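You will see two complexes here that share chain A, one where it goes with chain B and one where it goes with chain C.
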Partner chain A sequence: MSLLRVRGLTKEFGDLVAVDDVDFDVEDGEFVSILGPSGSGKSTVLRMVAGFEEPTDGEIALDDVEVVGSPPFERDVNMVFQDLALFPHLTVAENIGYGLKQSGVPADERRERTERMLEMVRLEGYGDRSPAELSGGEQQRVALARALVNEPALVLFDEPLSSLDRKLRQHMQGELQRIQVETDTTFLYVTHDQEVALAVSDRLVVLDDGEIQQVGTVEELYETPASRFVADFIGDVNAVEGRVVAVDDGTIGLDVGDGEVTVPRDAAVGDVAVDDAVDVCVRPFQVRVEPAGDDRDVANAADGTFSATGVVRSRSYQGSDSQYGIETDRWGRLSAEIRSASFEIDDRVAVAWDAADVHVYRRDGDGSADDDGGS
Partner chain B sequence: MTEPSRSDDGGAGSGGDPEPVTDGGSAAVDGRVSDLTAFLRERPRLRTLSIAGPPYGILVFFFAIPLLAMLVVSFQADQIGGAWTLGNYVDFLTSDTYLTVVWRTFLISVQVTAIVAAVGYALAYSIVRFSRRTTLLLLLVILPFWTSYIIRMYAWINILQSDGVLDSILNLVGLPAVGLLYTKTAVLIGFTYVWLPLAVLPFYASLTNLDGDLIEASKDLGAGPIRTFLSVTLPMTINGVITGIVLVFIPTFGSFITPRLLGGTNNVMIGMVIENQFKSAFNWPFGAAIGMVISVVVVALLLLATRFGGGLFGAGGETS
Partner chain C sequence: MSVIDRVTAPFERFTQTHASRMATAVIVGVLAFLWLPIGVLVFMSFADGGVLSFPPDELTLRWYRVFLANDAALDAIVTTLTISVPATGITVTLATMIAYAVDRYVFPGRSWLQLLATLPIIVPLVVTGVAMVLFFNGTLGLPDYVSVVIAHVIRTIPFATLVILPTFMSFDRGLEEASKDLGADEFETFRQVTLPNVFPGVVAGGLLAFTLSFNEFVYTYFVKGSGDPTLPVYIWNQIRYNVTPEVNVISVVFLAVAVTMVLAAVSLTRVELIARR
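== the complex of A and B ==
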């Protein structure tokens, strides 16, 4: 039995379908993120779980009890708001104790639990201050403590970390994970920031245009993205346009420009047939870069690699790795992430990657066909 | 071309042909303006005074000096320039009749303020939270101000008098006539109508600034609508509420037109007594003394109310 069960959840605002037939579960003790670009409907899903929006259709069951129709103050969930929504006229301790007071917890116990929660978020001695006197990171902790102190079945997060700078955000990610484990609470976290989502979550729900794209663990989503969108959204990806020329039991033959490459059958996500237009996707870290040789720039079906020549157009250091933007003669711009920093802008290079590392997605109609190959 | 404007009004006399003359003229103006600016820049106190001076001057001339004059007159016997005396104050403060009027005025003012605050808050709240046509609705609230106060009071006389508009409507639907004119109810209706916009505007201003997330946060933390109102909405807007209350309470306490036109002789308020001293009894010193006492009472009440209100809500939710 899942702690949270969402089935067929739909929300329409006039003609706009913000959330379209969404199903997912959150198990007890999990850290699940709903990840999607802005306007994907992720916050609307969260607000429906919290009770601030009524679904047009669908079910939301918390601990096997249907909660649609009951007001927010009767649901056993607490939310950490995007702008935190700390009460400015109350002290930090009063903010944290607010929920306990509403549920009639006596003053002594309230003080004790507030005190314990301040310790949990490492804000001992801050109880009498006003929220306005605290830094952004400290305010985040108060908001978290205010939600956790009520010991709800589920804590909801509406992108609360998005306003923090990178360093503080990474620190708070670690804190969130620690606190989640220590309090043994279930977290449902909404964000557009894949970095945050990948860092903290046990499982991800990827949402686009109100529809679920994929649900799975971080590894599943990164290694076997169910669609081009997911591949793009979770980490970076290079895409090369191609056409299916042969399909047999174990392999697929692909025409990618002026060469043919054979890839494993399971590289294709879903069914493909001969003549289908496809995107062949590969992660930048799987692309090899070498100095351009004489005759290496031929796509060779026999050795199962994709290769092309090109010119280095951009380079950025990212700690131990360097990210190169390479304008290939055959497939337009590709990016490669490699250890070595030995190439300069305008160097001619050869790029290659293994057929075993690609994912192949059928292009749907002509909706995305006007995208160019590189991304 | 730029040369003349650089020199200090020297260009004005230089030219025989028209062009340099106009150039020189504008340069002279430029020169004067920058002289003034430079003069003021070196004297920050004078600069502040040039901005703050006029309004303070108006306040002193039209408010402080008359008040002082009233204070002086209130200590004189019978007429302006009479012998110095405390008699006016003694007469007023020892007269049961006058004190009854003050008490009645106080009660009516409190009732009016309470009604206006409740109705006005509900109105402002609904404008802010439940409607998108905020500007239009606010305009409708302010609209009555465009008609004269007296005319609006005569309209109410027409509505409230026996066999007036209200009674006719009641007759139409088969209810008995009420003939509200010259009752306390009529006074309360009139005041509520007149002062409502004064309260709605500050209520509206404070409610617009209220972050809707705070209300959601409160509900999320288990507080129902009433508790959310008492522990978040009201405390967060208390400054606007106090402003609205002050704006209604003060003019009601000193009012004389509304109670005279709608209340008749049974609902005499202290403003009517004061007006009577000045306009009919021609006992200016006595009227001034009553005015001084009322001013002190009202200011004291307001200080108390603000202190009390601030303490009640400003300190936060632990009090309830």
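== the complex of A and C ==
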């Protein structure tokens, strides 16, 4: 039995389908993120779980009890809002104790639990201040404490970290994880920021255009993305256009320009047939770059390698790696992340990657292939 | 450089250098026109002598004593309060409800409600006054007191609504969601979150309503009939028959009421909190 069970959740605003037949579960004690670009419907999902929006259709069960139709104040969930929504007319301690006061907790116990929460979020001694006197990061902590103090079954986050600068955001990510473990609470976190989502979550729900693209652990989504969208959204990806020319038991033959490359059958997500137009995707860190010496210009079917020549157009240092933008003669712009070699802008280079490292997606397909596809 | 430029250049240079001094001069001028007559009035309330003439021969508290000993004038104040206090209460309640509804809900006639609520500002006072006499006293046969209170509510509602509405509109509705999320129902949310946050506007609306009602003359004069006069009506009667410096004293009373209202508003609404946000 899952703590939160969402089935067939749909929300229409007039003609617009904001959320389309969404299913997912959140287990007790998990940290799950709903990740999607702006307008993907992720906040609407969260608001329906909280009770601020009525679903057009579908079920939301919390602890096996259907909650659709019950008002927000009757649901055992608390939310950390995007703009935090701290009460400006109350002190920090009164803000945190607000939920306890509503549920009739006596003043003594309220004070004690508020005090403990302030300690938990490392804001001891801030109780008497006004929220307006605190910094952005401190306000985040108050909002978090205000939700956690009620010991809800589920805490919802509506991109509360998006307003912080990068350094503070990373710090708060760590704090969120620590507090989640310490309080043993289930978190459902909505964000468009894949960096945050990858850093904090046990599992991810990727949403685009109101529909679920993939549900899985961070590793699953990164290593076997179910669609080109997911591959693109979770980390960077290079995509090369191609066409299927042969499908055998264990392999697929792809025409990617002037040659044919054979890739493993399970590189293709879902069904592919001869003549399908496909995207061949590879992560930048799996692309090798060498000086263009010999004329190894054609993709070589025999050793299962994609290769092309090109010119270095850009480079940027990213800590230990360098990111190169390479204009290839055959496939346009590709990016490569390499550690050792060093190239200058305008150098002629050869790029290559192994057929075993690619994922192949049908271009005209709906992209929502099975979760168990891939390698 | 054109001829015009050459002519205007010195002026521009002058305004550049003296901009802040010129602004100060304008502000001082406006304030002077606003406050000098009032200052003279307050000064004249201390004037000796039986007629309104400037400058007075001697300063005295005599007219204040006359005023305090004048039961008719004091009765007029009490009469005014018995009308203004309930009228203000009704106005603030209704104006808050109107503001809440206009801000929150889209309902048939929403724009009409806004117009209707503000219409009494536009219609000439005398026209409404006559209409009220005919309708309240004539058609409905209401007692004078009830008619006057209703008249005052109608007079003050547009102003109170116009003051209260913006505080509702600038109120962050996310706070209400946060409150409900934390377990407070609709009513508790209104009481514990909405009201405290719009309170400055409601108080300001109430003080404005009270001040207007306390000073209200035209409607009162029409509707009140022959009963006890309110303070403005009393002054009017006094000036019609015999002009004494006591009228200045009563004017100072009005002024004192208005200033007190403002000070009360400032202390009640914790303006410094708003300034900090």
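Going forward, the second predicted complex is superposed on the first by the 363 of 375 C-alpha atoms of A that agree within 3 Å, B and C clash if a C-alpha of one lies under 4 Å from a C-alpha of the other, contacts with A are read in each partner's own complex, and residues count from 1 in each chain.
One rule holds in what follows: a contact is a pair of C-beta atoms (placed from the backbone, for glycine too) under 8 Å apart; a residue touches a chain by one contact, two chains touch by 3 or more.
Nothing here was measured: the structure is a model prediction, and the numbers come from that model.
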| item | value |
| --- | --- |
| Superposition on chain A - do chain B and chain C clash or fit | clash |
| Touching partner for A:A132 - first (chain B), second (chain C), both, neither | second |
| Touching partner for A:A50 - first (chain B), second (chain C), both, neither | both |
| Contacts of A:R228 with chain B and chain C, given as first, second, both or neither | neither |
| Touched partner set for A:K42, first chain B, second chain C, both or neither | neither |
| First, second, both or neither for A:G99, with chain B first and chain C second | both |
| Touching partner for A:R146 - first (chain B), second (chain C), both, neither | both |
| Which superposed partner A:T91 touches (first chain B, second chain C, both, neither) | first |
| Partner chain(s) touched by A:N78 [first = chain B, second = chain C, both, neither] | both |
| Chain A residues contacted in one complex by chain B, in the other by chain C | 50-52, 71-73, 77-79, 81, 83, 85-89, 98-99, 102-103, 146, 150 |
| Residue ranges of chain C in contact with chain A within the complex | 172, 174-175, 177-185, 188, 192-193, 196-197, 273, 276-277 |
| Interfacial residue positions of chain A with respect to chain C in the complex | 50-52, 71-73, 77-79, 81, 83, 85-89, 98-99, 102-103, 130, 132, 146, 150 |
| In the complex, chain A residues that touch chain B | 50-52, 71-73, 77-79, 81, 83, 85-91, 94, 98-99, 101-103, 146, 150 |
| Footprint of chain A on chain B - complex, ascending | 211, 213-214, 216-224, 227, 231-232, 235-236, 313-314, 316-318 |
